[in-house]
Amino acid sequence: MDDTTRKAVVRRLASAAGHVKGIERMVEDDTYCIDVIKQIQAVQAALNKVSVLILDTHLRTCVTAAIQGDDATEREAVLHEITSVFELTN
Amino acid sequence: MDDTTRKAVVRRLASAAGHVKGIERMVEDDTYCIDVIKQIQAVQAALNKVSVLILDTHLRTCVTAAIQGDDATEREAVLHEITSVFELTN
Amino acid sequence: MDDTTRKAVVRRLASAAGHVKGIERMVEDDTYCIDVIKQIQAVQAALNKVSVLILDTHLRTCVTAAIQGDDATEREAVLHEITSVFELTN
Amino acid sequence: MDDTTRKAVVRRLASAAGHVKGIERMVEDDTYCIDVIKQIQAVQAALNKVSVLILDTHLRTCVTAAIQGDDATEREAVLHEITSVFELTN
């Protein structure tokens, strides 16, 4: 991961962690359940965006290098990983 | 939300926030992208479980009270909220 | 389910089935993979809308009747079913 | 897409379309709402598997060819498409 992307990913993760801490306080303050669930869904959506950012970088670096490389096993492994994370998010 | 549930929800949220902070360090340490994405998906799954726990409590308290109550507008509002969070998670 | 809703649900399901048959033909005609995946995602989104429509009706009829009724076991069962479908879609 | 994969994809899509037609009849026969929703979720899961199968094939053919090729614009386009379908399914 290049430096700019890594910093962006770290910043978004820090923001997501802060958001979750905020939801913790909402629950302690007895906030209405549906509002809490909506905030949790917002964090999940923000985390999705982080995953997409990481996947994008991964495709442009590791996957591209593996596919252009000579190691068929490595190529196979790298492609299989993509479908495995896709499968999970579905 | 009763005290036991609230404590369980807060504990799970604290654990999810800690997990996200851990992922932040993984990214700073240049962990393999796919492993990072899988950890993000694990946090999202943990957050889903928190939402289900909150929804369960909400159905047994607020929704039950509203449906047993006399206020038709309130009943309508409470039912609409359930479908709205369902819609979002789909 | 009242007649109007049932007809709307059946109509949407018939349309989704037709959409899937159309995707089948796209694959036979060797359509570009990504375009096929996007059509599959469109069908899934359409099916989500059907689920929301059915859930909405279910909350207003069966769930409301059970919660207003005297049978605690039935009430419990009906609420548990809501969280179980929520859990699955997450 | 090679012939074996195409046939497998078409077969699974035909089965999904048949499943949706079956759900249509369930609704006409006034099947319990929650059972209908669970069947819809089963179709959606089956469609996910079809998407994963198509993505797998796509990565091994078009994406591999583009990444090994000389056209930078084509490479960029192909990688962007992967993140775009990933984004949608999240």
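Observations on the structure shown:
The first chain written gets the first letter, and so on, giving A, B, C and D; residue counts start at 1 in each chain.
The rule is short, and it goes like this: contacts are C-beta pairs under 8 Å (C-beta built on N, C-alpha and C of every residue); 3 or more make two chains touch, one makes a residue touch a chain.
Every value quoted in this text rests on a predicted model; they were computed, and no experiment measured them.
Separating the CA-averaged centres of chain B and chain C is a span of 22 Å.
Between chain A and chain C, the centres computed from C-alpha atoms are 28 Å apart. Across the assembly, chain C contributes residues 48, 51, 55, 85, 89 that each touch 2 or more other chains. The touch graph of the protein chains shown is a ring with every node of degree two. Pairs of chains in mutual contact: A-B, A-D, B-C, C-D.
Per the touch definition, chain D reaches chain C in the complex via residues 1, 6, 9-10, 13-14, 16-17, 20-21, 23-24, 27-28, 30, 32-34, 36-38, 40-41, 43-44, 47-48, 50-51, 54-55, 57-58, 62, 81, 84-85, 88-89. Of all residues in chain C, those touching chain B in their complex are 45, 48, 51-52, 55-56, 59-60, 63-64, 67-68, 75, 79, 82-83, 85-87, 89-90.
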